[in-house]
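Input: structures, listed below.
Shared between the two complexes below is chain A, which has chain B as its partner in the first and chain C in the second.
This part shows the complex of A and B:
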């Protein structure tokens, strides 16, 4: 119903160029971003995906990271658990990684190194840390607290065939960026495009959702790209075998399964 | 004989791998590696000693994993074929070879497997499983410090805690330096006639280790216990009055311990403690057997800046019967202090999209006045190939302390690995 209303609004807006026509006041920037986080990072009660990351340097050298990701939302506000099993590169095959994300606290992270059968807990203060050497930070992968930035709805704008809210977020607590612009799809609330500006207010990183598909009725970004505009380094991430609401047991997100990867899920 | 069997194992594993690769995914992985180490100090070596080169080795590791369709059963083989140029020998090493089942609240693995417990970095409190100190002292990649244990490991996971028990049918000692190319402190070096006594293979001698663990909120707690033998041998002359032979033997050992780890002060704080009960010398009057010991470790790890990690540890081991040890120590032998203190420090910095890793690890003992340093640089040239150059530096005021005895083994190493 909501969706149809949004489509009608979008069509109306398209028919009447130059005029912003709304059935009602646009939602606040905070409301839009809360919905966007829900759609982008929290969809479903749980999720499984095969993730293929391709890191390409400015000179064209490619590196690949392939992993199975299991994600589960916990009942407590905003808490999420991520279990990752690495398939590629060969040197880290069989490595597992567990992240527990809290709403307003540092993550808990554990890494399992199969060659020595060791689980190591990692200190994780810096959410701006690159995830496995890619152009995505941990925050880009699992989300950033909305309260960590101040948000303003700037305008509404079309990106390709999508009507988007354009929201500016200014970092209030330490971040990789000083300012960020996000184009949020009015229908799916997925981020379609993002631009990151550094301390000198220069554009240094851009995100794009290249492919969006419905998975079990859930709009899902199945291909995304992050480009470092200063170095030319690019990371493309493709999600395959995506599924939601599988009933992934909470036990999976534990030291036991770091050491004994749940083959049912990661094979 | 052993080698024929191992080669047969490799052949069977390869056949298994090629049979199942038809499914589209090759389950055959592993690496090809060259590792070399050059002594970095003037050791004034005797003629019988391999002096300049401490490691010259090429290695092929084949790793095969198979699992049933439902994931409840699986098998793993990690076999190394290596050529040691220093000894002009080639051989097969079974790193891991095991089958496992995984059923809800229960799991089991039988066969050769690596078991690692505890929270210390190169300081072991409750990890009593076999170690290869020769690999460590000659610049092998750190994973080779751990030896596989031939064991049955049972895991039981009721809702309130997790329990693991590891039973080994045969005691496997640590690999410790015994001669070229390694120098070490040997108080009875004149006694060259030596024999090693291994615990008899019988039910009563099977090493057993257990761990009980669970989390409390964001903290993880564990209890440990083990019963077995000291991995590093003790040494006693056959006849103290007129020694003709030195007998190396593994005294009985029981350990009890606990650990706790959790977030604190913006990082991760860890505590581990343990008691080593020297079962064959409880009064501490036999100088050829280790004193009972209490060991404690406090560690803190944080991420001070992006792509950097810093960890510090403080470790103390206390001899429980130091007075008896001092009284029974034969004249002329250097005495150990009641307390051994070790501080450690690790700094690691990643760069170039985490393909470059700079590391510095240091262990310093203020009581022994000795140290170990490991600076290293590793570069991931492609996804398949990495190269590491580093040094293992030992130094000490006296030639008999833990790190000091290895001073002449200080070396630089290079490892190149192609993984597939």
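This part shows the complex of A and C:
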């Protein structure tokens, strides 16, 4: 954990001098993305948030998924654990979902189905798998192995009030996209905008970080949207009650707590 | 003759200024033709119904609810000894990803064994992944795969055939993509796949529809000029004057240019129906033959060329005007119908017909003025009532006058025999039948329908008033019962719904035993199963079956036939079932391409039948008015009725469907089959007015204007015989139909009108005085 904190400090230090850094050689695409992953998926030692996902179809039909998400970073090589408790839709209230994410192998996933009182292990599948039927994939939610793509820093560009690096990533191993463009904030290293291109090099998906807030000093994307440009289907995700460094116990992330969600964290 | 009669002045003027007339016509034609480069084509027969029509709006909505795509191509891979072999599955894998990379294809929704979601239990773990995540390497693995797929009701009949010899790739097309273009690209990919013993087939509605559209335009570009060329040669044999023969073709081309040009000018796209305008106008233009026919006879009788032309125009002017009028009316009536491209077609062919009429009185006389003397002399020498066709036509006329009852009785017997076929006519349309049985499209469709659930797709949308209502097990059970009911139909090969999915999840969540493939007991379990499935599968898999609010479920019904009649039967079955088994707060609405075809069939074809009947009445009214006599009007109607009754009786007896091509031809036949009687009766009454006896006048009419009629019929038949060489059956139908129609109409006119007139008590027509003034 100390190491993690050290990284964050180092990052902050690297970013703060701003102009001076600008005048020098820009960092490599790989470095920028590594910092970005850190800021976007690994912020804090752990994290808790109430997540409201709104799925809107092209015809305007809306579906809602509301969940409490607990995330804990493990010490070893980027391993993370996610615990999710579903509040909505109504007929799935009480379903819980546990994901253990490894850097170099498939996730482990368990799901508790209260209606039949059963915990079932789910097999992970390809990278393009949708997260709970939304326009976000599991990779969009928890990150993709950086070495699975080749990256190039194309240019720097302003998006709104932010100076961004524009990085092109070309998939080396199977992905939902063939090519991806990311606009990464020079200061927070959060992705501000992303464009995904399919095998035919047609734009099919766009990401935008719509709201960014400081939570306990950590820049956090509190509202984000993914639009499927081919179907017009949209998913908006709003984070509330975000908190970092809560000291969430490691054993929360176990089958026992799937059946009996921890009251302390899940209301 | 009254001075105000401008129609008579037109030939006078144009015979006085023949070169100016020709120049003016050319200039005007150039003006209209200038629009032609701006032509837009619309080869999609779907557009016969406007985008705002109920069925298209419904289908758009259903597509949105369930994330469906308008059009789907089905690619079949067949190996008779079985598809479960390494090389075959590898070929499938290669093809699936190559097809997903094609432009116009919705890549993410290309469905085959390698992409379709399957829910399986594996050592206590639930796995949702493509049915064929990786091609098995060992025979044992292959056997396990085969067994698991063949035991999966969501797969068998859809992705794998029951006998294990066939697998399919379903290729959804992006909006606006052309099915033929994508199918051609797929065929290119298939040509590169050279796996031994594998056969590949490309089927599906968009392939047939867009191939037909494209082929129709292409073949029109071949057959219209070809028919014109054949006619030109035939005309040359008849009239021995290249200039005159060419002028008939010129009339057709002028009319085509004017009406096509105007069509483009008003911003209409050229639809598959209007693409046939040139051929139809060419057919109609042959009416000018009557002018030449008479002109050659007249030339023998008078030495002054201009005199001969003007006399000719006076003699045939009225019939030419009225045949044009009835033809234009026959097409014009189409404008009363509800189908916009049909209205456009009717209006513009009507317009073209009027252009032809205009040309008959201007361009044709002008050309007759400038043809070199020598050509005409040699040619007209052959026109003699005592020679050639006229001679045996005269004999024929005498025969029917002498034995009118026998002739009529023979006709009545023939009519009675064939007319029994009329009630048997089936109004039905089947696009696959527009291709020859041995064509790749028809073969692909046949093979795929024999092996798999069917290439024609019907959706049954079950809706509840309540959100989340379709998670209710009782409603799901009803949907399942409806599936079983629909499956009893011989043409339904496969149905899939969210019920199959829920049952599947229920099974794998438990011990994965076949008897556990049933619906769970509570709404809550259904909801959580579906959520669970949604967490693991591609969103589209569930979305295609259940809308976002779980208010509507989509039952996929695969039909083995593109017959509108088959769809009608299935829809009827659903209606009957929901009546006898009232559903639990559930309504069922058919949709999808198969339903569209059914509605299209009803709307377009029934509209055609309606307008056809109206056209019959309108034409009769025109005849009665123009002859100023109900009796003559009815009489002139007889050959038309005979012709139509015989043709449709034969259609019924042969079991041929009354489909799109036949329905278009109906109106054409009306306008044209009535031409011959008009010429006949007009000329007969003129002759009678000149003081001849009934018998003499009849024989003269059969021999002289009759020769024109015969020439017209032969010309038609020759031109349209060209179409028999087409690869599209509608063109063959058009060719056969017109040949038959013109021949029958000519025979009935020349044989039955004399007999009928001979039977009538001899009486001078009261309107004699009117002949001259009517013109």
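We adopt the following convention: the second predicted complex is superposed on the first by the 245 of 267 C-alpha atoms of A that agree within 3 Å, B and C clash if a C-alpha of one lies under 4 Å from a C-alpha of the other, contacts with A are read in each partner's own complex, and residues count from 1 in each chain.
By definition in this document, contacts are C-beta pairs under 8 Å (C-beta built on N, C-alpha and C of every residue); 3 or more make two chains touch, one makes a residue touch a chain.
Predicted model only: the values in this text are computed from it and were never measured.
On the superposed chain A, the two partners chain B and chain C do not both fit; they clash. Within the superposed three-chain model, A:155 lies out of touch with both chain B and chain C [touch as defined at top]. In the superposition on chain A, contact is made by A:267 with chain B only, not with chain C. In the overlay built on the shared chain, the residue A:133 is in contact with chain B and with chain C.
When the shared chain is aligned, chain C comes close enough to touch A:95, but chain B does not.
Of the two partner chains, chain C is the only one touched by A:198; chain B is not.
Shared-chain residue A:172: touches no atom of chain B or chain C. Of the two partner chains placed around the shared chain by superposition, chain B and chain C are both touched by A:121.
In the overlay built on the shared chain, the residue A:256 is in contact with chain B alone; chain C does not reach it.
Contact with both chain B and chain C is seen for A:63 once the two complexes are overlaid on the shared chain.
Stretch 134-142 is the one of chain B that runs into chain C, the other listed stretches 134-142, 206-214, 314-322 or 332-340 having no clashing C-alpha atoms.
Taken together, the two structures place residues 55, 57, 61, 63, 89-91, 113, 115-116, 118, 121-123, 125-126, 128-130, 132-134, 233 of chain A in contact with chain B in one case and with chain C in the other. The part of chain A that touches chain C in the complex is made up of residues 55, 57-59, 61-63, 86, 89-92, 95, 97, 111, 113-116, 118, 120-123, 125-126, 128-134, 198-200, 204, 230-231, 233.
Interface residues of chain A, counted against chain B in their complex, comprise 55, 57, 61, 63-64, 88-91, 93-94, 100, 106, 108, 113, 115-118, 121-126, 128-130, 132-134, 233, 251, 254-256, 260, 262-265, 267.
By the touch rule above, chain B contacts chain A in their complex via residues 29, 31, 65, 67, 70-72, 74, 100, 102, 107, 113-116, 142-143, 145-146, 155, 157, 162, 213, 218, 220, 261, 263, 266-268, 270, 301-303, 305-307, 309, 350, 353-355, 380, 382-384, 386, 417, 419-420. On the chain C side of its complex with chain A, the touching residues are 61, 64-65, 67, 100-101, 103, 106-108, 122, 124-129, 468, 471, 509, 520, 522-525, 527-529, 531-532, 534-536, 538-539, 542, 547-549.
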